[in-house]
Amino acid sequence: MNNSTIGKRRIVMKLSGSIFNITNTNAESIRRYAKMLLEISNTFQPIVVTGGGKIARHYINIARSLGSDEANLDIIGIEVSRLNAKLLISALGEQVYSQVPKNLEEVAIAAASGQIVIAGGLHPGQSTNATSALIAETVKASKFLNATDVDGIYDSDPKKNRNAKLFERITIKECMEILGSESSMAGKYELIDIVALKVIERSRIPTWVLRSNVSNIKHAVNNDFKYHVGTEIVVEPTFK
Amino acid sequence: MNNSTIGKRRIVMKLSGSIFNITNTNAESIRRYAKMLLEISNTFQPIVVTGGGKIARHYINIARSLGSDEANLDIIGIEVSRLNAKLLISALGEQVYSQVPKNLEEVAIAAASGQIVIAGGLHPGQSTNATSALIAETVKASKFLNATDVDGIYDSDPKKNRNAKLFERITIKECMEILGSESSMAGKYELIDIVALKVIERSRIPTWVLRSNVSNIKHAVNNDFKYHVGTEIVVEPTFK
Amino acid sequence: MNNSTIGKRRIVMKLSGSIFNITNTNAESIRRYAKMLLEISNTFQPIVVTGGGKIARHYINIARSLGSDEANLDIIGIEVSRLNAKLLISALGEQVYSQVPKNLEEVAIAAASGQIVIAGGLHPGQSTNATSALIAETVKASKFLNATDVDGIYDSDPKKNRNAKLFERITIKECMEILGSESSMAGKYELIDIVALKVIERSRIPTWVLRSNVSNIKHAVNNDFKYHVGTEIVVEPTFK
Amino acid sequence: MNNSTIGKRRIVMKLSGSIFNITNTNAESIRRYAKMLLEISNTFQPIVVTGGGKIARHYINIARSLGSDEANLDIIGIEVSRLNAKLLISALGEQVYSQVPKNLEEVAIAAASGQIVIAGGLHPGQSTNATSALIAETVKASKFLNATDVDGIYDSDPKKNRNAKLFERITIKECMEILGSESSMAGKYELIDIVALKVIERSRIPTWVLRSNVSNIKHAVNNDFKYHVGTEIVVEPTFK
Amino acid sequence: MNNSTIGKRRIVMKLSGSIFNITNTNAESIRRYAKMLLEISNTFQPIVVTGGGKIARHYINIARSLGSDEANLDIIGIEVSRLNAKLLISALGEQVYSQVPKNLEEVAIAAASGQIVIAGGLHPGQSTNATSALIAETVKASKFLNATDVDGIYDSDPKKNRNAKLFERITIKECMEILGSESSMAGKYELIDIVALKVIERSRIPTWVLRSNVSNIKHAVNNDFKYHVGTEIVVEPTFK
Amino acid sequence: MNNSTIGKRRIVMKLSGSIFNITNTNAESIRRYAKMLLEISNTFQPIVVTGGGKIARHYINIARSLGSDEANLDIIGIEVSRLNAKLLISALGEQVYSQVPKNLEEVAIAAASGQIVIAGGLHPGQSTNATSALIAETVKASKFLNATDVDGIYDSDPKKNRNAKLFERITIKECMEILGSESSMAGKYELIDIVALKVIERSRIPTWVLRSNVSNIKHAVNNDFKYHVGTEIVVEPTFK
């Protein structure tokens, strides 16, 4: 048991499944994130939630075409995210809790070890986003980093609108309005965010949405404000 | 094992926790619902999800005042809903699956018995509404009845607006818009419905929101259209 | 993980369910007991077993009237006692093992953490009294405090006999004789004590039966003999 | 799955561990009991609880001499009784539930299969006698047979008193009085019976204590009153 | 619950992971095998064990390069094989046991349902070959089909020796000798076969090694000797 | 929790079941091994796997004669080995992990405690030899000691050939050849070793096969080369 992080403040981070979209066996992206987690663990206890990425989508697409119900597809996605968690655990040696926790109780027990904890999804019907927020709540995280494939939260879709503005800070309420206004097109991804937002709101968890890369995450962990890293979600209204 | 419902179509119903707000040991409301379920089980296999009611709120209020985190409060609510499930099981004799299933896998195994199944909540961060929809999806229910303390879905809050109009039918999209427009005041209850709505949409589950009483539920189960029972949520747009 | 009690001697205490009969959300009684446990944990590792109290009796009465079998009623009582355990856990912050152990193996694992442990009942057919004695045996407790709603063990029922004498010390054998002589009227409560007594006898666990309040328990923990606190049960015969 | 006993009334029988005290591999006693269970299963669903016998005592004695606590010794006894259960399962072929249930919930699930069920002990601190009574309660057994190494219940110890009288019928209350009067010498075995008696009383389970052999058990199962088989424990007072 | 296969003889088949090496979402190979299993289930109860295929090797290679120990790699392989099992379950509708059993006990419970059962690997350190043989033993299969990527067992490696002779029948002993003689080059795959062979030998399970395709498997299931399908492994010596 | 071995290198040892063939309650052999483990634990963390011994064979013989399938016999053997593990735990007081881990995940969690860990068998179809090698792999043991009833590995059976030569060192390859050449007579015991050898080879675990006694094991643990202790299995070829 590595005790070095016992008593440290905890940071929950949701890592995009894209980190695990690997086509060789070099797995450079996983190594980089593992190195970052080891550095962070000198100061904080990282609790990580991995996404499913391409292989999850591959399995889900096949199972759906074969007639699987949607709840079962969620379970398949969760199981691939847990395989990804195992890869990250493989890269973290002695400093990591060796098992992938499978529900909130197991996350609490794992976190009590003081080691780095790597989870995948937990429950069907719950996005890894929402799951990560619940984990942040359960382990009383001092910060929740949602590392994604975009730079943060925009006032409109940046792929469609070249002038879309990236928020530095946004209130929960503003965030919900933006999600609400796009609900007809956005597919299932808003759903995720609304559940997560409600959890963030009720437990007042300091939250950042940022593009997933090692330097961004380190800046956000260290409150290094020289660098612009994504969007901070604030529970209290911002006064513009 | 009572095999009488094997192969029957399944109906999932979410029963409001208020049925379990009992102040004597006569428990008349539970007996009435049990009798109704036995009748329905001649034709369908009922899968029921019970809410937590007053005792859940009592425990949650105390635990919150003592400093419990919100995820733990969810777990407390789930455990009270399971106690309520046990009460309903007590009233159903031989026709009911004797255990309260605790996750979607256990629900699937219980449903495979062909008996009446009574569950409570399943996962923290998920309303019994959303859980019920996921269960409906998993057991391939032919109908999902959401029995509540109101008559159905209105275009505005009937407690504030005497002219609020009750929908007979409503599309998922319309439903989300109504919920969205009230999000700033409605507390956590819309959250529930949005997750449930997304599940209903993706699996196209015929759904009714109706006031919980025995005759309403029987009419809805039997497609007895002479009686007005709540609001039907339709996946395809209705053309008004 | 708070290691402060690792290696400390353990004290098992059974707390009456009446502590949890709360009608507001102030929960003053739970706060007082939590404060006491934190004080004790400077010197000992407390392992607590909570009773079910009024809400357990409420659920049991309803379930019995609905036709539940008695073994199921035991399970309902156990589940309410676990909800009470969660309330006490909520009030104990970082110093407490965050889960409620559900069998003797889980109690042993929880106790190995060195933290305060709060359990409810464990098995149907076993009173929380007997369960507490088994837990005291398993964790090799140096003392077992049975905190009840009476001042200790009397030679006859003090509610019926104004001259009933409270024992300061009593042997196991004397204790069994008193219980035996009243078996026809005492309902199920003697049963509990006989099983507990047998466990106390076989493992020679120093045991006190005392009225549950914070100062009594502290005196008993600290062997503060200036104060009269309940009845000590001694394994060897006392020579009067 | 053999469905032949679905819907049949259930008989719970506690089989003495001495059946499993085998010194060769012929295992004639197990074969005889297996044959008897198969015959009975034409009419009833047998639910059996096996004792630990000599090998349990062997392991318990060694573990005690090595310093094991008593709760752990109970667990060792339970595990040997489960090995004995597996032997009986081996002899019952297709007609038996293939797993040994480990708690009351698993017993209920096993019994729902309609097959013959063979359990060992369930919980530490609970004799196989008491466990059997709880199982009888849980599965709503129409009869509980306690097959032992004596002919039934006597008014005094037949090994010491040649004139000891065997009861044909005895009330719960009389039974407790006899047990109570011998508590100082009887070791832990009375304890068992008192817990069992309380369960039998509260659930009014028709119970027989009889010498374990195949013909006795068959007579008791079939209410064959031509033969004297042990002592019937009656919940209502007998009028002598 | 689909009871149509209850009481039918059981056939265990190990399906090569290559069936699941799918690059589109049409999943034609899985559909074909599902259709075959449904046909077979009219006469037998199929119990299937799926391999891991390409995605298992992908994950294992990455995890190994990141420093994972070999036992963990086995677990990763098992989890991918279970994802493959879920795909096959998705294609089998109502006729299949809906869960993937995770150990021999769960396989036994699943098989007792009478439905088609689909498992993946069970334990680290055990090939799916050996696991399949153990499952065949546990469910008392009347036949074990090992569907592979070769035509059967040859006297030498057919990729290296154009004149390699395919056995129609082979004894266990001959089979072990062939495996033994190549042990220095064959990597870990002989290991698998030796464990499987020992199980086949001790339980005398009729076994065929054959190239995996739908018509081969149907011929082998139906003992259709007009067609040459792979190699039969016989427990008794063949006299040539 | 005793932290004294945290961070120490781990030694896995497989102890022959014969240590547990006890005919009295003195259990001198278990005490001696316990004392040895406590001494070793000053320098290393011992992880022990116990065999089943005579009582395992007794139960297996009876169950086989009653018709048990072989996989079930394996489970019976595992359960007796776990009883033996409990005996050794009883003799180790505070320094030992109090539970017997039941699969590789539980072994990893137990080992993380830093305490001495005592396991029995884990999975049917896997010898305790093979299981021990997998455990050595999982816990990254620096050494694996296989303590048996012979002095080490011979070039032929020493019971049949007086001139049989004991190897001081042997390569994996040589070892497999010896096992292979005797496969027709050796019963199931080679099987065990081949699986174990494959695991040892893939993870390059330094391994000794030696006669089980306390001084041999201590010499092997301490690399005390003055004493001849059994056969070292080397992964790289030895050059004779």
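Residue numbering begins at 1 within each chain, and the chains themselves are lettered A, B, C, D, E and F in the order written.
Here is the rule we use: a contact is a pair of C-beta atoms (placed from the backbone, for glycine too) under 8 Å apart; a residue touches a chain by one contact, two chains touch by 3 or more.
On a predicted model such as this, the values are computed, not experimentally measured, just so you know.
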| item | value |
| --- | --- |
| Same or different residue numbers at the chain D/chain E copy interface, by half rule | different |
| Distance between chain centroids, defined by C-alpha means - chain A, chain C (Å) | 43 |
| Distance between chain centroids, defined by C-alpha means - chain A, chain B (Å) | 31 |
| Chain B and chain C: spacing of chain centres that average the CA atoms, whole Å | 38 |
| Junction residues of chain A, two or more chains touched | 72, 75, 113 |
| Pairs of chains in contact (touch as defined earlier), listed by label | A-B, A-C, A-E, A-F, B-C, B-D, B-E, C-D, C-F, D-E, D-F, E-F |
| In the complex, chain B residues that touch chain A | 69-72, 75, 103-104, 122-126, 130-131, 133-134, 137-138, 140, 173, 176, 180, 183-184, 188, 191, 194-195, 198-199, 202-203 |
| Chain E-touching residues of chain D, taken from the complex the two chains share | 1, 3, 98-99, 113 |
| Partner chain C, residues of chain B touching it in the complex | 22, 25-27, 30-31, 34, 55, 59, 61-68, 72, 75-76, 79-80, 82-83, 86-87, 90-91, 93 |
| Chain E contact footprint on chain B (complex, rising order) | 6, 105, 108-109, 112-114 |
